[in-house]
Amino acid sequence: MSTLEEQTQGDVLAGEEDGGSASLTTPARLGAYVRRGGVIVPILTTLIAFIAGGLVVLVTGHDPFSTYKAIFDGTGLQWVFPWVTGSARSTAAFNLQQTLIATTPLILVGLAVAFAFRAGLFNIGGQGQYTVGGIVSVWLGSSFAGLPPVLHITVAVVGAALAGAVWAGIAGALKASLGVNEVISTIMLNWIAIWAGVYLFGLGGPLQDAHQPSVPTSSSVSASAKLPVFWGNAQLQGLHIGLFIALAAAVVFWVLLNRTRLGYEVRAVGLNPDAASYAGMSVARNYFRAMAICGAFAGIAAAMDILGWKFSLFTNDIQASSVGFLGIAVALLGRNTAIGTVLAALLFGALQTGTSDRFLDPSVFNPNLASNLTWMIQGLIVLLVSTDVIALKVLHSGRGVSLVFKRRAAREEAGR
Amino acid sequence: MSVGAIAVAPGRVGAPRHLGIAGLILAVVAWVITLPPMLVRTAVPSAIIGVLAMLAGAIAFVGDERRLGSGAIGLGLLAIAGATGNTNSSVAHLKVVFTWSILVAAMLRYATPLLLAALGGIISERSGVINIGLEGMMLMGAFFGIWGADVLHSWVLGCLVAIASGALLALVHAWFSIHLRANQVVSGTGINFLALGITGYFFIADYGSNGTPSGISQVPGVKLPLIQHVGFFGGAIGNANLLTWIALLLVPALTVFLFRTRWGLRLRAVGEKPRAADTVGLPVLRTRYFAVVASGMLAALGGAYLSDAFVGSFNQNMTEGRGFIALAAVIFGKWRPVGALIAVLLFGFASALGDRLPTFSQSAATLFQALPYVLTLIAVAGVVGRSRAPASVGIPYVKE
Amino acid sequence: MADSTRPALEPRASTRPALELRGITKKFGSVVANDRVDFDVYPGEVHALLGENGAGKSTLVSVLYGLYTPNEGEIVVDGRPVEIDSPATAIRLGIGMVHQHFMLVPVMTVAENLVLGHEPTRSGGLLDLKAARARVREISERYGLAVDPDATIEDVTVGTQQRVEILRALYRGARILVLDEPTAVLTAQEVQELMDVLQRLKQDGTGIVFISHKLGEVLQVADRITVLRHGRKIDTVRREGATEQSLARLVVGREVLLTVEKSQAHAAEPMLVVEHLHVRDDRDLEAVDDVSLSVRAGEIVAIAGVDGNGQQELVEAITGLRAPAEGRIVVDGHDITRKGVSAATDAAVAHIPEDRHRRGLVLPFTLAENLALREFRRPELSARGWLRTGRIRSRATALLREYDVRGGGPDAYASSLSGGNQQKVAIAREIASDPKLLVAHQPTRGLDVGAIEFVHRRLIEERDRGRAILLVSLEYEEVRSLADRILVIYEGRIMGEFAPDASEEELGMAMTGRQAAAAG
């Protein structure tokens, strides 16, 4: 698996590390490899993770096939099959609505992490940005009752986006001005955001719901700020329009990166900061801008959850949430591309719904076990995409020709 | 101080530096005199001392000790505010919150798991491998520690099972980040997810919704016969847990190891410049494997303390980010055991105080939980003194 | 085997070589880096390994030090065939290495670095640093290599760091010392000190392998000289009787006649004026010290000098990448001092950087994206924040054709091109921006002969079109064949101006700072 790198090292003597790849940042290298290997790598990664999860199920005395079947049934994805009819169809429809509700924020936090990767940054702070977005959107959504709905929703969503942008912007500014590693700062900001939320909505907190003095929660979002439901029953948590906002965000992500000067600069900085500053781009400024954009995506993700189906924010919900962390898995599995992120979000959203105690048949498999199984699968996926082992295995076997070509290129490089 | 330590931070000792430190100490004094047992009931002396602290800080700042100076100024300001708050609170309240022996005992309890994990983090990062997976390794220790103690009816065996589980997970991280040259942050993130799943899965599979039973063999406290009943000391350390003492003893032990032994020198060389270590014939990859596995063992022991000594039971995701606080302590403590000890004592003190603050205000107690993260953020921003990570941390080593 | 060294060449000091390499072949894929190379060194002699960059010197040394395993051939130490599979083995066999890029841990002390891997210990594995310091003093006194054992590596000079590397090899009991391009980073005085040290080591019976591509210093220090070219051993000669000309012929393989056809320059008004420029480097040391110069339209001015004498900082200051501490930079009447890259670009400054992988190109970008790096802000390529991707692409297509870039169209990744074609892309981009001043920093570094010719021709053409060109180069021949005027830089100062037909001695003296000593 190390052949490529060794080849490029070629004639370089010990210690000389100025070969081609050394000038790339770590996330850039990661980003570069996840762009290799097409769709085969993510699919293979997912398959391996599922097989490993199935083994755990098997070892602990359950049937992996019926378990996965039950989880799949819980996702509602069978709705797309025309032969599913009658009550099974309406159940599937409802389940699918829940899957898509879960997918919506995952798309957005996935974009938040992916955009950072494209800028050569590692945004572990999706969770914190999501949290502040949630705080602000629930606050704005529960205030100003009686505003026209479109305006109220806009205010709450934009507020959440700004809050996320500011929160991520802190990490960006620290990186830009003082060189503080964004991994460290975003981790710290995650926990600060979480505790700030617990403080604000906790008992005695300034934003705690005055109507329920003994419950640590926020006030409820007023009707004018709720996202309209377009599929299913609004009373029964049907699918809200947030999905379209998330999909639109994916389009914005692509356009921003590939069609604007900002995206061009962000990508150049991400792939080679030295070359970017040589071209007159400000590396620091682009770090800040990229982080702020990431934060906006994550903030909107929270607004979709708050205005779409949660309508209020409990402190234990703030502490237990892991949407932002999942964004890392989504972005990596989606190879930091817009379309990949959407598909990976759908996978994780389906897993989340399929294993939840509301939708998984407990007679087949204990939902509490299943949700932990999901964590294992997600962990394995992240582990497997953290290295290029699968990518190169694929290149070795299925794409021998392209590998030979690359070897030749590497050798030519080595020859000079 | 060891030679190695001096080598890492060439000491530039001078008057401004001393003034800055003096300012920090003065600021603490300004706050402490309004607390039991002194209980000065007017803020005037505190204000005077606080202003002196800020003055010292300002002079230090002008004398080019900018970080220390600004730190003293900030802390002085905080101390005056805190002292004013104290003098406006009732003596009874203050006495409830600031029962020093109880506070210190609680601080040690909170600090122990953090310290063990942080020491592990130091070993790993000193060898050049980032260990974001500390959280997951702690969680493994927390579950398998109490599970082992339950199944094998012995806390000793429980701790060993915990250590083994942490080592195993660390081995996965090591394999990915050293052998497969994975991105270490991503790999660590995966490790955390994986540990959450594994511990949660087996917890549910073994204990269902009832949770761990009571009566599991627990790590005992160490009763110090001489000082057990001696006022402050008796309350503070007279009956501290065995693992607390082990963790504290590991601080000098690891310091000696890192800075006074050949193995420590080699470990640090591998983390700073692996190519140099390689060319003098040191096994870079093996050293890193050792370090990562050792860090997993220590983190898991910290987790075992949490479940099998501190709380006495396990629940899902019970570490709740303590691995990240430990990581913060590593950075805050500048990758040194003593530094990490200071950091975890500070964080532990904040938690201990947070436990007792509800007397005043529940929400204020909550805010205290965020303190370690805020402090670390300030620390990495360079206010307390620029932390300098081992030069090659996070970079996979490619042998020629 | 036996014919590897002619009997007449063997020094009298010893009858048996300390080290022999016999028929070493090392391949990387189909590239043969070393082709049946024989090499030996006797105790108490300096045997130089001479060759151009890429001739296979580094590979041979890596084989010797256990970093690469040879495909064929054997290594003999003290008459016994050995297998060197790692640096540890090489060290055990008494082979010490002074790397071109020092293998020292910057945050550790001299003593700690010296003993690393072979630490003296007291009971219980505790380091005995007192013993380590004593050893440092002992060895350093014996060879006259003064170092402070308690100094931290990152705080001492490059020359001292090199001394530590030599001391470390000796501490480990090295009887064969390999020095890889040891003078590349040294000041003239440090070079002289190194030569003295090597003399003492020689007298002590150490066999020294001295790797270099500089003819002068090889003639100064070596007893025998082996020349490598394209991975093959060309010849081994004694120093006596060898001249720079004879060695150069062996190194290059033909009479050195690397001149470029060019007409007389028609220099016009000054395009770049630099006045009393002071620039500090990353360590905040003065790298450029009161430099004043001017380049007129239609002429090539070359900055010649040994690497690391402030060239990089000078180029970075002029192109806006580094803010100078003092002084003024004026391009075509516009003061661009401390105004950054954008201002320099707006004043029509273009820059061919010395390292195309680090700065010149974004390797994972497409060629079209790379070709837009200099001018993406101009309205032709972007408007109101939007990229005009169509124009970026069509412009790229035209440029690729004009510069005969092979290996891919505008959508190919820069990383897929060969080095020469990558450099063409960088040059195309810079010249396409229609610069008044073109700063070319080592524009032919790492290129093959064909590509070098292309670059040289292009630079002359651009000069004749009236552009002002500032060429920074480490290559004598390049400087002399391209430049209309030569400025020699040494330790950040301009030592003097020379005509292109100045003798090598004149230039060499200035580049090593000797003129300064004479002048005062």
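We just call them A, B and C in the order they show up, numbering each chain from 1.
Quick note on the criterion: a residue touches a chain if its C-beta (ideal position, glycine included) is under 8 Å from a C-beta of that chain, and two chains touch if they have at least 3 such contacts.
On a predicted model such as this, the values are computed, not experimentally measured, just so you know.
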{"item": "Distance-maximising chain from chain A - centres being C-alpha averages", "value": "C"}
{"item": "Chain pair with the greatest number of C-beta contact pairs", "value": "A-B"}
{"item": "Chain A and chain C: spacing of chain centres that average the CA atoms, whole Å", "value": "45"}
{"item": "Distance between chain centroids, defined by C-alpha means - chain B, chain C (Å)", "value": "46"}
{"item": "Approximate Å spacing (C-alpha centroids) for the pair chain A, chain B", "value": "30"}
{"item": "Of all residues in chain A, the ones touching two or more other chains", "value": "14-15"}
{"item": "Touching two or more other chains - residue numbers and ranges from chain B", "value": "275-276, 278-279, 400"}
{"item": "Two or more partner chains touched - positions in chain C", "value": "62, 65, 67, 99, 102-103"}
{"item": "Residues of chain A defined as touching chain B within the complex", "value": "1-2, 5-6, 9, 14-15, 17, 26-27, 29-30, 56, 60, 122, 124, 174, 178, 180-181, 183-185, 187-189, 191-192, 195-196, 198-199, 202-206, 319, 325, 328-329, 332, 366, 368-369, 371-389"}
{"item": "Chain B - residues contacting chain A, complex", "value": "130, 132, 172, 176-177, 180-187, 189-198, 200-201, 203-205, 209, 275-276, 278-279, 316, 320-321, 324, 327-328, 331, 361-363, 366-367, 369-370, 372-374, 376-377, 380-382, 389, 394-395, 398, 400"}
{"item": "Chain C contact footprint on chain B (complex, rising order)", "value": "3-4, 7-8, 10, 256, 260-263, 265-266, 268-269, 272-273, 275-282, 388, 391, 400"}
{"item": "Chain C residues touching chain B - in the complex, by the definition given at the top", "value": "62, 65, 67-68, 86-88, 91, 97, 99, 102-109, 112-113, 115-119, 121, 124-127, 129, 150, 152, 155, 168"}
{"item": "Chain C to chain A touching residues, read off their complex", "value": "28-31, 33, 54, 56, 58-59, 61-62, 65, 67, 99-103, 180, 319-321, 340-342, 344-345, 351, 353, 355, 357-365, 369, 372-374, 376-377, 382, 385-387, 389, 415-416, 418-419, 446-448"}
